[in-house]
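In structure tokens below, several structures.
The following pair of complexes shares a single chain, subunit A, combined with subunit B in the former and subunit C in the latter.
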Partner chain A sequence: MHVLQLVINGIMAGTILAVPAIGLTAIFAVLRFTNFALASHATIGAFAGYVANVHFGLPILPAVFAAFLIAGMVGVASDELVLKPFRAAGFITTAIGSIALTIALENIVRFGFGNELRGYDLPITRDWRFNGIRIGPQQVQNLAIAVAVMAALFAFLAFTRTGKAMRAVADNPMLAAIKGINADAIGRVVSFVGMGLAGLGGMLIGLDTTIDPLTGFRAMLSIFAAAVVGGLGSIPGAVIGALVVGIGEELSTLVLSHDYRSAVGFLAIVFVLTLRPRGILGQRAY
Partner chain B sequence: MAIRQTRRTVLKTGSALAAASILPSGSYAQSEPLRLGVLTPLTGAGGADGPRMLKAMQLVVDEVNAIGGLLGRKVELVVEDDQTNPEAAVRAARKLIEVNKVPVIMGTWASAVTSAVAPVCWESKTFLTTVSGADSITQLPHQGFLIRTQPNSQLQGKAHATFIASMGYKRVFVMAIQAPFAIPTRNRLEEILKANGSELVGGLIYEKEKTTYRSEVDEALRSKPDLIYLNGYAPDTIVTLRDLYRAGFNGPRFAQSYAVPAKTLETLPPEVTENVYTGQPSADIGSKPFELAAKRLGIAEPDSYECQATDWISIVALTIAKAKEATGQALRDNVRKITQGNGEKVSTAVEGLKLLAEGKEINYEGASGPCDFTDIGDIFDCKFRYVKVEGGKFKFLKVT
Partner chain C sequence: MEHYLIAMAITAGLYALMALGTNIIWGMAGMVNLGVVGFVGVGAYVSALLTLKLGWPIAAGMAAGALAAASVGILVGLITVNLRGDYLAIVTLGFAESVRIVTSNEIWLANGTDGLSGIPGPWRADLGPHNFNLFYLGIVVAVVAVAFFVAERLCYSPFGRVLRAIRDDEQVASVAGKYVLAFKLKAFAIGTGALGLAGALYAHFTSYIAPDVFVPLLTLYIKLSLLAGGLGNNRGALLGAVAVVFFLESTRFIVPLIPWLTHVQGAALREILISVTLLIILRYHTKGLIPERLSHPALPAEPSPAHAIPSRTGAMT
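Let's look at the complex of A and B:
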């Protein structure tokens, strides 16, 4: 029973982690660099949702949409203005540039909102209990939002022209260019969707806890671990990676003290990459 | 009254203070200002306390400058943000020591930060003053280059356990953040609870910066405690309080006051924080130094951190005046000559500076307490203040 509870906790944590992890991996698939600025975009999304929810009194679903939209727009702008010029200099330079960008954005949020902890305008409810298993209504709602968003994203990639173009660029940029796909436009779409998902994930994390300018930064290690374990560049891989990291961290408490939970993320990276150097699902985008 | 501190207000206050210090306020020789280092959390988990401590120090500096500064030089604070992060703190400390050549660094808050910065200080013979509580800090081989005005884990654990037992709680579980104070505090709680007829039924250490502590809460509740002692910082304590509520725990919880600041009560619904006790080292409420600090700060009841910050800068100023030298070595060698002994009791830096100028011996009594230090830099004892949350508000219980 105890193990089952841990697995359920892990699935809840993993599903929320999956949303920004998809963003990270999608950006990597198309633009070919690890965008660490995802951390600050998660924070920006969390704060955009906070403003929508607390200042404008919007319910959670429209606020979640605001989180996606604002973080996505900031993502496009920051990529155009800051990261794009770096890309000619190569993968490492761009990734390091994205770390600098994330620190700058985080401090802009801090300048506007201060350091204090903020919570959404939500009642906190007691958990449901089924035969000794505990499940939180808020977590079920987050789970539903995360699953719906992932379903929408998969539909977008599978059935829309832009989605197919994105996959084409990710699979083979040169071939896609020959076929007349505008890689710049696709880059902007992926920045919007990827950072939008980061913002949405940031808000989902905040719904369950509180938010402050470090919200995204704190989750970044687990997000990165999820994307790498699943196969950096693979969108279904990010979901699987997030579940592996989420459930792994919880189950580790059976044998390890609670303060080693984060080490599980690293161990998962080492273990999976030793057996499968390209991650569980490899690097195919879809 | 709670003052809402944001970076913006800090900057405004800072620039107002800076502008004020440019105005002619005394006559200084045509020499370099005397620069003193401040390394305190303006961001991170300590971000709510750092700016207030900085303000308290700056106000004392303004008073000292108004009567002519120190050693004929204007005093200037060089401020760095430690980000409540050991790595950032060490970089900032090196900058203060190597670039700004400060003789003292005041204001580290988190124990992990102080533990990281202390070796940089003693190796460069720079004096360090802190509010960090972990026992291990004063046990470092700091050669006297460190004092702290905060009670250590031994004093805190003893006081808290005595309070908890006196409230009739018999089964206590400790959930502690991974920090240098976690295990010493737990051991001390266990010892004192046992001596008072209560029992520590278990404990766990959790990782910081996690978004949920559901599994930790499950483990805590399995040992059926009647009180849970939350030994963490504010961001994680909000999460543990929520998760305890969700899990259906209605019993009392005890936390350090810095882990449940007023902001937490605004953030969480009242039913989640109901029956939370907090304890904190009490400033010496009602004493003359405390009243003077409150007046200077313009608030009715400055908290322990504002009082401790007031005391550091006052002690440093007086020691420099006593030693007639502004070096870390001089601070180390002379600090106890003005904080303890048979000299005339003084409550502020200005009062002490005047007496020192007349060649008299002084004994500084601070707003946070008597400020008498042991050989390793700990205070001997202090008072503790306890409050309880009822209906989303703090209700004062007692100072003992």
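Let's look at the complex of A and C:
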């Protein structure tokens, strides 16, 4: 296939991938743990958007908002009830606890919706063609949503009091506490925003294809790869990492079978951890 | 029924072997392996392929499977050994997923998602199905007994004491002159080797393996075995594995009794039960059925107050 086409596909996929990767890396930066429950929250977001879109007949934009909201609320609840006590017990307990949580939540979705593939209710459109390059209007819309969400997030972090407090806690928790920032409240905000972004990302991934309870788990390797390549804990890094992984996965189809795309994420993780563990923009990795 | 019970006993034995291996990695050395199932898969596929395609003897295939899993374990460990523990969690999880992708897609080698069938079992044809299962149960019990003995020796050896020192405080162990990196890698290799052996034993018992067999849920079963039995001690690993297989099988009988559930809902409910049980045990950090004993049985149990000052670190040679 045309290399340019692959690069364009990769940019589209990478931009969408950046949304959940930012969620993961933001939670890592503030709460200092890798939240493997991200996978099920992406699935929950995808299904929340599905219910809003198909059962309530809402257009895509409000449905995407519903995905963000529901996944964010589940994220805050699951962090308060389940994950927070684990964090005090160390990273192994947290890692195993968040994996168990992701399997529990994924199966709650499966219990309600079953295993069959579901598609969103989308208008059928014809792809645009420019000199043999094909672009789908839906892809462009997804790209626009992802870019708008990221712009809003950067504005939130740069200009609002809460956003600045979040960066302060991420940068130096002790100093932030001395300045009177309530780390617990910031933790809840970051759980809401981070898992909300995971849910929104899950829906954007689903808009391209179909969704089922494994949607989040299948995307997890690429999301983790994006965050690790960019540097865990760095939000601009997650965006760059997601573009690298997205384009890399598409270009890999030149030499590898299409099914190996998600293994590319694993190779990217191994490659980066061997050569530059802190990733492109990360602080440190030990 | 008897047939079923023997098969369950073999499953419990295999879980016990995996739990013993994972206990060395997690319970003793304090590392996290979220890709248990990946190493089990490597052992199973290597042994199955060597015996099926190259006609190796079964015992040699199993040894090669264990060795392959241990070698991959060293590679995976090497990538992250100097980094925060989270990275090992990410890499092991990604590794398990990659094993599934490779075995699903390499049709020329692993027959893709259809899986490999006709994997030879020792004297399967001569013994007949019933006697074969009994005989295989004997093999599994023997292997678990040897693994238990080795793990016990390891636990109370200087090597095991250094591992626990690393788990409790890496810096102290390193200040005491221990080369932490090498100890961690060795522990990871021994543990993943046991996982590979369990995979190979599984393949030659069922004679059929496919990528679907090695699902992430198995990783949770093994973690649950260790937590239920008591993390950090080998008897706990054995007991926990038996308890988990009993629990899993009882949910298999109880869930279908709820009439309005569909098949998929029943399966989902079982997985919810299992993961929530794990979360509860993890949350209320119980010590498990058999708590870890902290001192060597040969050491005086409690130093008298007058001699309390020289701490137990003196034993960590």
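Going forward, the second predicted complex is superposed on the first by the 279 of 286 C-alpha atoms of A that agree within 3 Å, B and C clash if a C-alpha of one lies under 4 Å from a C-alpha of the other, contacts with A are read in each partner's own complex, and residues count from 1 in each chain.
Just so we're on the same page, a residue touches a chain if its C-beta (ideal position, glycine included) is under 8 Å from a C-beta of that chain, and two chains touch if they have at least 3 such contacts.
Everything numeric here is computed off the predicted structure, so don't read it as measured data.
> Overlaying on subunit A: subunit B and subunit C, fit or clash?
clash
> In the overlaid three-chain picture, which partner chain does A:V82 touch, first (subunit B) or second (subunit C), both, or neither?
second
> Please indicate which partner A:V229 is in contact with in the superposed arrangement: first for subunit B, second for subunit C, both, or neither.
In the superposed model, A:V229 contacts neither subunit B nor subunit C.
> Examine A:I186 and indicate which partner it touches, taking first as subunit B and second as subunit C; both and neither are also allowed.
neither
> Considering only touches as defined above, state whether A:A104 meets subunit B (first), subunit C (second), both or neither.
A:A104: touches subunit C, not subunit B.
> May I ask you to decide whether A:I44 touches subunit B, subunit C, both, or neither, giving the answer as first, second, both or neither?
So A:I44 meets neither subunit B nor subunit C here.
> Regarding the shared-chain residue A:A63, is it in contact with subunit B (first), subunit C (second), both, or neither?
After superposing on A, A:A63 lies clear of both subunit B and subunit C.
> Just subunit B (first), just subunit C (second), both, or neither: which does A:V270 touch?
second
> Per the contact definition in the header, classify A:A95: touching subunit B only (first), subunit C only (second), both, or neither.
Touch partner of A:A95: subunit C, not subunit B.
> Applying the document's definition of touch, where does A:I27 land relative to subunit B and subunit C: first, second, both, or neither?
In the superposed model, A:I27 contacts neither subunit B nor subunit C.
> Output the subunit A positions appearing in both contact lists, the one against subunit B and the one against subunit C.
Residues common to the subunit A contacts of subunit C and of subunit B are 110-111, 114-115, 257, 259-260, 262, listed in rising order.
> Can you list the residues on subunit B that touch subunit A in the complex?
4-9, 42-44, 47-48, 178, 204-207, 209-212, 214-216, 218-219, 234-235, 238-239, 242, 245-248, 263-264, 267-269, 271-272
> Along subunit A, where are the residues that touch subunit B in the complex?
Listed in rising order, the residues of subunit A that touch subunit B are 2, 5-6, 9, 12-13, 16, 110-111, 113-119, 123-127, 129, 134, 136, 205, 208-210, 212-214, 218-219, 250, 253, 257-262.
> What does subunit C use to touch subunit A in their complex?
Those residues of subunit C that touch subunit A are 26, 30-32, 34, 79-80, 82-87, 89-91, 93-95, 97-98, 101-102, 104-105, 216-217, 219-220, 223, 262, 264-265, 267-269, 271-272, 275-276, 278-279, 282-283, 285.
> Show which residues of subunit A lie in contact with subunit C when the two form their complex.
33-34, 36, 82, 85-86, 89, 91-93, 95-97, 99-101, 103-104, 107-108, 110-111, 114-115, 217, 220-221, 224-225, 228, 232, 257, 259-260, 262-263, 265-266, 269-270, 273-274, 277, 285-286
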